Amino acid sequence: MTTRMLRPRDIFRQQLFLPIFALCLMLVVNFIVTPTFFNISIKNGVLYGYIIDIINRASELIILAVGMTLVVASSKGTDISVGAVSALAAAVCVRLLGSSYDAYAVPLILAFLACLSAGVLCGAFNGFLVAKLKIQPMVATLILFTAGRGIAQLISAREINEKMVPGQILYVRMEHFKRFGGFFPHVVIPTPVFIALGFVLLTWFILNKTALGLYIKSVGINQKAGRLVGLNSTMIIFFCYVFCGVCASLAGFISSSRIYSSDANNIGLNMELDAILAVALGGNSLAGGKFSIAGSVIGAITIQALTTSLYAMGVTADQLPVYKAIVVVLIVAIQADEFKRWKAAYRLHRKMAKGVAE
Amino acid sequence: MKNNIIKKGFGGNSFLLFVTIAMFLMMYGIGLTLFHEQGFGTMQTFLNMLIDNAGLIVAAAGMTLVLIAGGIDISIGSVVGLVCMMLADLMQNKGVDAMIAIAIVLAFGIIFGAAQGWLIAYLRLQPFIVTLAGMFFCRGLTAMVSVDQIAIANPTFLGIAQSNIKILFGATVNKRGKLLYPFVHPNVIIALVAIFAVWYVCKYTKFGRSLFAVGGNEQSALLMGINVRKTKFLTYVLNGFLAALAGLVFCLNTTSGFVEQARGFEMEAIASAVIGGTLLTGGVGTVVGTFFGVLIKATIETFIRCDGTLSSWWNKIVLSALLCFFIVLQSIFVIWRARKKS
Amino acid sequence: MDDSVVLSMKKINMTFPGVKALSDVDFTLRKGEIHALMGENGAGKSTLIKVLTGVHTMDSGEIHISGVRNAVINHSPKDAQRVGISTVYQEVNLCANLSVAENIFVGRHPLNALRGVRWGEMNRKAREALANVGLENIDVTKSLGEYSVAIQQMVAIARAVDFNCKALILDEPTSSLDEYEVAKLFLCMRKLKEKGVGIIFVTHFLEQVYEVCDAITVLRNGELVGRFDIKDLPRVQLVARMLGHEFDDLAAIRVPDYERLAQTSAPEIIRAIGLSHEGTIKPFDIEIRKGEVVGLTGLLGSGRSELARALYGADQPDTGELFFKSSPLKAHEPIDAIKAGMAYLPEDRKEESIIGELSIRENLVIALQAKTGVFRLLPMARQNELADKYIKALRIKTPSPETPINQLSGGNQQKVIIGRWLITNPEFLILDEPTRGIDVGTKTEIQKLILSLAGEGMTIMFISSEIDEMLRTVNRLCVLRDGMKVGELNNVDLDRPKVMAAIAGGKTI
């Protein structure tokens, strides 16, 4: 959400134009492919329908996109470790909870906090490399991108023949745990939607009720000016990466609750591309500066809608990335300075040709 | 904007190369003492390292080129996986002749490299985003070709893959008193030829030297008359070819194609290059160092395998830790240098 | 063209959108001549060089080079090099990661039959090229980055000269050199001079110009002021020409709005002892009392901004002590200065002040917000109140406080930045060239504003190249030259001739 008033509507529209347009496009396409797309009903006491499903499944992506937005805005870079960190945090949580049917090995709230702490640590690691050591964000986050899942596998260990064997898929058998990825009793809306909504509101609060939103934008737009007016850009960038780590761990928690296990190979798989795509689709420039959380949220939902329509057309999960890769390149190409230069030169050329002809 | 940070040239790389080689020899020495029982000291163990990592040698050489020019390519792993799948599919499902299949995949590598190169050099998109998209693109394409594993049974291909080339020293005597010569497969030969070619290009061709100039200071290179865009473009084309070649070499080892193949390969290539002394900021690097970087990675794997108690997940973690260490070291060095200058 | 002339530029005109950068400028360079090209900001120096070297294409005019019959038009640095014009820039445009030898030969490596690089021959030729510029005992196989900036510059010169150049342009070559290195550079330049190479020496260091140059060309506001032999142009005349005042204007036109006496009884606001920043400003002392308006003047590059930046903490001072309101201020970042009560308006508006896509309101309140702290967001009502108040007070022309600042004109942008600092209620305000690049009407507004602020008791440090502007507003003037504070002028001495003499230094006649 932008930290300014509603007055200059044209600017507002310009920033959110792309995501809203893309979302509408996706909804229309989906409707064409599946005529029952907009139907909502109540089955077994919960809301049921394609739309519900999209928003439900988009929850993790929404949370990731929010974190990625801040990283992109403040440091002009992307954090490609978010998928791996999700898996890592999920592994921490599930391992602590244990697989008994009767009780959690560790109180749920502690396991949850441990999960978030894992995210904080990973985010701090990334943040330190980028903000303090000034390593390129892509390169810095590449480390956890690879190591993260390996560490997750090591954490996901079970005792087999009196030896701890890593690389297992650990299950949480408590019915209570499944509620976070599913439904709470007597609540018709899926829990992940609540979590995502709550988190977005919390983020909005942090960004707009403190000066942080303003600081992040300033540092992203002109770091030199930021320093001269008294901002500590190192801390601001560090915070954004830690925040992104928290987002990743929260997403991991939800994912693991959905499948009531920690699957270090599949949790958060390919989510990093989705998150970057959501941020770009949200009208945010990948070169940093001004950002819109609302845009990224809409972008995330749009991508989930895209995924749904692709599934409906028979594309499998493994093949999805092909289409997403193409969309990413298209959006980034259109946003690129060089492309704008070509457009301007072309327009000038056309004008001159017309001028000559007349 | 003035850039007052002047990168050190590492004295023509000789110092850092020395460190890398020393590290390798030291690790190998440790291996010899610790794992003597498991046959660590035999020639075959060393040759097995080369056989298992021939694909990585080629890919890391390509990665070194891209890094020297100041870019990066994280799609290499996916390209390797795709190439393996393409080879398997072409030969098994479509009955294509082995040599033609190889030609097709190499052509694909060049075209893919050109596409990425055009986006990066002429449209000036960030290399990371473009190759990240490329990574997902190829990974998805692999699944589109086939979801199941395809084992290659083509006799020509298998013939190349499995023929033993005897090495005439380091022979051991087995229990029955028979003299066993150690061997390598042709994929190692291809890899060594490739890396030698890359070394020559880097050291002796104008194109190779312009890579260093562009990676060291793009602005200066432009002012000195180098066609920066063309240089960058060609780098990615060459890298695309090497990625496909790496895929071929890799496939000669695994003789199959499946969706999850070579995941994380790009990471190993980057790690090998960085450990071998290539700067991530560009302008500095040598394939000789990269070669030893690959050997260090192979040694770590052999350690973990010989030890038997550590799970293979440790491979990735140790390699990432080493990479992290070298990245941090490089950046501290740059900061220290900048502070000294100002 | 005369045989002794290497380069002749006639009636060069160059227009950019909105500004005429060069009007009918002539420039002549003789063989074996070291010729200084001087002028303040906006004079047209760099545009002239860029036209000569092919970075820009001039609108009209002729360039002739010895040995080439027809007039020359350069479309790129490569063209320029081909006709014998080479440039060495301040940011040595070489590749620090390549070896010294390779830097000299990039783009034209000696090749063997297989098109492979011949390293041995290249190294040998490199040593020869370096000897030609007086650089011996350099290991040409070491990477360039291992050598000091001075050596790197000489390598750049060796490269340029090796291209068989007739005219060598040195763009601010001495800015990062110490005295010993400058001497070596001059030796190299003299060697080239003997060989008949013409050198264009672009610099702002007065002493160096008088030490090594044979002739000076002065530009001002895109026009040619004149070409002079060094012996015919005493320092003060040079300064007068650069700043646009005639020396024989002895009638001291000080136009005070009111008499302002130095207030020796007022409390001390800021005191610096031996403060310096390596490479930009040599150790200086300064003492400023409450309510004073202190001006800093000198030619561009004399260290004015750097002095201010050292006081504010924008550049960390390397030596010396700083006291603000009699308490010491150690190793401080801008936020510490702001909290203590300082404010700083940087010289480069675009790079260091303007946060482009943010609104006027956000640009206005950002410094105050930083002072207040991240957790205490200024309520929107208060932000709007402040925005409206200052937009009105400073007469900022804008449709709304939410307009992004990059849509405003330069003058209005500057007003916003001034407003940003005034909102923090500073006790000490540093204004670095607040009226540069601004229309005349807004200039006057800002000058009046400074006077009224001073009248209300704010302590101000005012940096400007325009002496008249400062004479109208300050009651004390610090003079800087070549990176050093060289003197102070008070009250009675504040007239133009004395100021110019102080800036010029050396012999007055």
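Labels for the chains are A, B and C, by order of writing; each one numbers its residues from 1.
Operating definition for what follows: contacts are C-beta pairs under 8 Å (C-beta built on N, C-alpha and C of every residue); 3 or more make two chains touch, one makes a residue touch a chain.
Because the structure is a prediction, the values reported are computed rather than measured.
Pick out whichever of the two, A-B or B-C, is joined by more C-beta pairs in contact.
Between the chain pairs B-C and A-B, A-B carries more contacts.
Work out the mean Cα position per chain and let me know which chain is farthest from subunit A.
Relative to subunit A, the chain with the farthest C-alpha centre is C.
Can you give the whole-Å distance between the Cα centres of subunit A and subunit C?
46
For subunit B and subunit C, what's the span in angstrom between their mean Cα positions?
Inter-chain centre distance comes to 48 Å.
For subunit A and subunit B, what's the span in angstrom between their mean Cα positions?
Each chain reduced to its C-alpha mean, subunit A and subunit B end up 31 Å apart.
Tell me, which residues of subunit B touch at least two other chains?
Within subunit B, no residue contacts more than one other chain.
For subunit C, jot down the residues that touch at least 2 other chains.
Each of 351 in subunit C touches at least two other chains.
Subunit A touches which residues of subunit C in the complex?
Those in contact with subunit A are residues 314, 333-335, 338-339, 344, 346, 351-359, 361-362, 366-367, 369-378, 380, 400, 402-404, 420.
Please give the residue numbers of subunit B that touch subunit A in the complex, ascending.
72, 74, 119, 122-126, 128-130, 132-137, 139-144, 147, 259, 264, 267, 270, 280, 311, 313-317, 319-321, 323-324, 327-328, 331-332, 335
In the complex of these two chains, what residues of subunit A are touching subunit B?
So the residues of subunit A in touch with subunit B come to 78, 80, 129, 133-136, 138-140, 142-147, 149-151, 153-154, 165-167, 270, 272-273, 276, 286, 316, 318-326, 328-329, 332-333, 336-339.
Note which residues of subunit C are touching subunit B in the complex, please.
77-78, 81, 91, 93-99, 102, 106-107, 109, 111, 114-117, 141-146, 278-279, 351
Could you list, by residue number, the parts of subunit B that touch subunit C in their complex?
1-3, 6-12, 200, 203-206, 209-210, 212-213, 215-217, 219-221, 223-226, 283-284, 342
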